[in-house]
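Next come the structures, one after another.
In the two assemblies presented below, chain A is common to both, partnered first by chain B and then by chain C.
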Partner chain A sequence: MLTRRIIRLIAAAAIGSSALLALPSLVAASCNPHRVDDNNYYWTYVGQGPGTSVGGVVSNIWNYAPYVPTGRFSYSWVMLTLNANYWAQIGNYEAVQGRSVYLQYQDGAPPAHFASFGPQPIGFSTYEVEAIGGLFSYYDAGTLVFTHSASWVPRVGQFSSEIPSLNTQMMGAINNAVDFLGNKMFYNGAWHNLAGSLTNTGSAYFGMSGTATSFATWDKACSN
Partner chain B sequence: MAPPAVTNEGLYGLKRGVRSCHTSVGGSRLSRIGPRRLLSVAMGLFICCCLVGCSASLNASPLPSVQGPESGFSLVVHNVDGPPVVITVNGKVMARSVCLLESNSPAPFVIPTNDLPLPWSVAVLRADGSSMGTWVEAGNDGPRQILIRGNVAAELPADQPAGPAPASCPP
Partner chain C sequence: MLELKLRSKSTVSVGSLLFGVVALLVAIGIASVPHPGSTESQTSLGVGSVGETCTIAAQTASIGIALDETVAAGSNAIAARTNALAAEPGSSVVEERTGLARSGTIPIVNAHNVVIVRLAGVGAMPVTGPVGAGQVRMSTPSCVIAVYDADNGNKLVEFGTLP
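So, the complex of A and B:
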């Protein structure tokens, strides 16, 4: 009888603690994917080099709030780039300190430059980078938030979500994917729909669907 | 972030505690104690088992002891789209790394130990032995990374971004 009572007590404690652990995932979008910390970068992205200079990239991105452990980050962004040392991006950023709109750029050798602003609400907002006559302009929901001059000319546009380790949630979840809608690049004097294939560097862990102009990405370990 | 040092003193302390637990649960006493006492004994046994488990797991995989002043230092190698490389520290091969699109392995991550004290002379070498760069790590600047993009390796703070998504690995 005493044994049964002890078993009941242990069972009640176990059920209670698992209910408490489950509660945050019901009320918050983020979820811990419970994967190893492998220190590897992962991208779910579309990139296009139209064979000429590119003057702008724009996308309407679903702002999501993923799980991010200390020292890591998760983000969705649009980018103008020439190569690994020349790039300019803006997007939705999550770190353990909280979510924000951020921009980063690098004009040659590292380090990169970084700036952040208040977050856009959960939902869609537009992110845009333009490069006209050596002036790089960053737009957050249609508002110009930063400019700088640089001598390089972009030739590629990229639209991506990114994490620096498997222990971090990629933006989006199975039932709450991060959409990149209306993806366009400016070249040859006009805005064009983005073309290119969907590339997922961690397809075992992350989902990706749609077309270059309208695609969705998510973390397969998370339902919401 | 480097893991905390594990001292032998702490482990011995745990073992002493476990030993005293065992001596207090003599088999002959069990028949003379009541249900409430039995419940207390059961809980005591449970705690002892937990302690034994902790002690055993710490003994089974001892963490490297990290030097005090430089304990925030670590070095990770991000080979995003570079050639296969070998990373040496003070002349010893510490890791090999290939373009991450062709790798299922964690990125090489190294911290100082008693066997590998700072300062470090770090080199990144291609398969043909040619150098992509050498650096001296004193360990005073927090976590660091070597970021390999294409044919260029750069030594940077660990929180610096990797830049554009890689299109492919080098041929």
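So, the complex of A and C:
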């Protein structure tokens, strides 16, 4: 696993933040973790509230294709948020219908809104959300794909993989972890390296390693 | 001029005031109706024109699809319609357009010959949210719009609302 991560890191650094890395030996394979359907969310994440408004989040994420049963999803994303009712996120999303670049947002009380686009290839691609002057902009591999206007101001950035039940594979596997590289947030007029601790809400089932600016997550039930 | 107006206010009758208020409300109502070619008119996708009830104006505002394009379901559009229906069982095509305009904010919706589909019978989808937001909430989209590239049948974008 360490060797593969080193290869990825070198390749990602060489190709740049918008790179689409396709290494045949690292093609993701979905894996049924054979766990119960407990209907609880799980996250492997880093979050930071710098104490001021946040204007952007960006990460270079390894796109993986996990196992997802009907009605569930597995998701790696970056997010701007204020609290439980205000969020704007984009990332690599897998549902039983297939994989996609997916964004979801909510500007206060429900409803939430979503949009999805064709998936990025297995490999690294950047995901970014910006909020400038009430305009929320979503970037997929450096391309602006969606905008909406809202009056709320984000104060927190989150970077996470997420599942809504234990019967779903968390993004990544023991030998094919999902990396979040170059994690940054925009505040006080500049981009800053993400700071904060790694938090794993299901450490019995999921792995997590690294630092806030470069971390990896995976499902312990799956080998690759 | 301002002074004259203020003076006249103090001398008008109650009936005139009521008439003025009504006239003002009517004017506001007229002003709030989307005008052809305006940003608002581009947000409805014209779905209502075929009797559908699909309200996603808040999102489509950024998609920038113009409604005043000529509907011309050529052979490419027909092929895309076939592909779209095959990809989304139970869906129905409510609009077929070619040469879609765009606002510049959605580069991906830049293909010629695109079919717009309203999906029927879309199942429940989970609402995500920030870490620790609470229990899983499943929501059935009130409507979903999918845009297909008529040249190759690929889905370009899909968007909707989770009540």
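Couple of notes before you dig in:
Please note the rule applied: the second predicted complex is superposed on the first by the 196 of 224 C-alpha atoms of A that agree within 3 Å, B and C clash if a C-alpha of one lies under 4 Å from a C-alpha of the other, contacts with A are read in each partner's own complex, and residues count from 1 in each chain.
Keep in mind that, in the parts below, a residue touches a chain if its C-beta (ideal position, glycine included) is under 8 Å from a C-beta of that chain, and two chains touch if they have at least 3 such contacts.
Remember, it's a predicted structure, so these values are computed and weren't measured experimentally.
Annotation for the three-chain superposition on chain A: chain B and chain C clash. Looking at the shared chain after the overlay, A:V36 reaches chain B, while chain C stays out of its contact range. With both structures placed on the common chain, the touch criterion links A:W87 to chain B and to chain C. Once chain A of one complex is fitted onto chain A of the other, the partner contacts of A:E162 extend to both chain B and chain C. Looking at the shared chain after the overlay, A:A109 reaches chain B, while chain C stays out of its contact range.
Which of chain B and chain C touches more residues of chain A: that partner is C.
In the superposition on chain A, A:G118 contacts chain C only, with no contact to chain B.
Across the superposed pair, chain B and chain C both touch chain A at residues 39-41, 43, 45, 47, 71, 79, 81, 83-84, 87, 104, 106, 110-112, 156, 158, 160, 162, 164, 199, 201. Across the complex, chain C is touched by residues 39-41, 43, 45, 47, 71-73, 75, 77, 79, 81, 83-84, 87, 89, 95, 104, 106, 110-118, 137, 143-149, 156, 158, 160, 162, 164-165, 199, 201 of chain A. Across the complex, chain B meets chain A through its residues 1, 35, 38-39, 42, 76, 78, 80-81, 100-101, 103, 105-107, 109, 143, 147, 149-150, 152, 154, 156-157, 159-167. In the complex of the two chains, the chain A residues touching chain B come out as 2, 6, 36-41, 43, 45, 47, 71, 79, 81, 83-85, 87, 104, 106, 109-112, 156, 158, 160, 162, 164, 199, 201. Across the interface of their complex, chain A is touched by residues 56, 58-59, 61-63, 105-108, 123-136, 138-139, 141-142, 154-163 of chain C.
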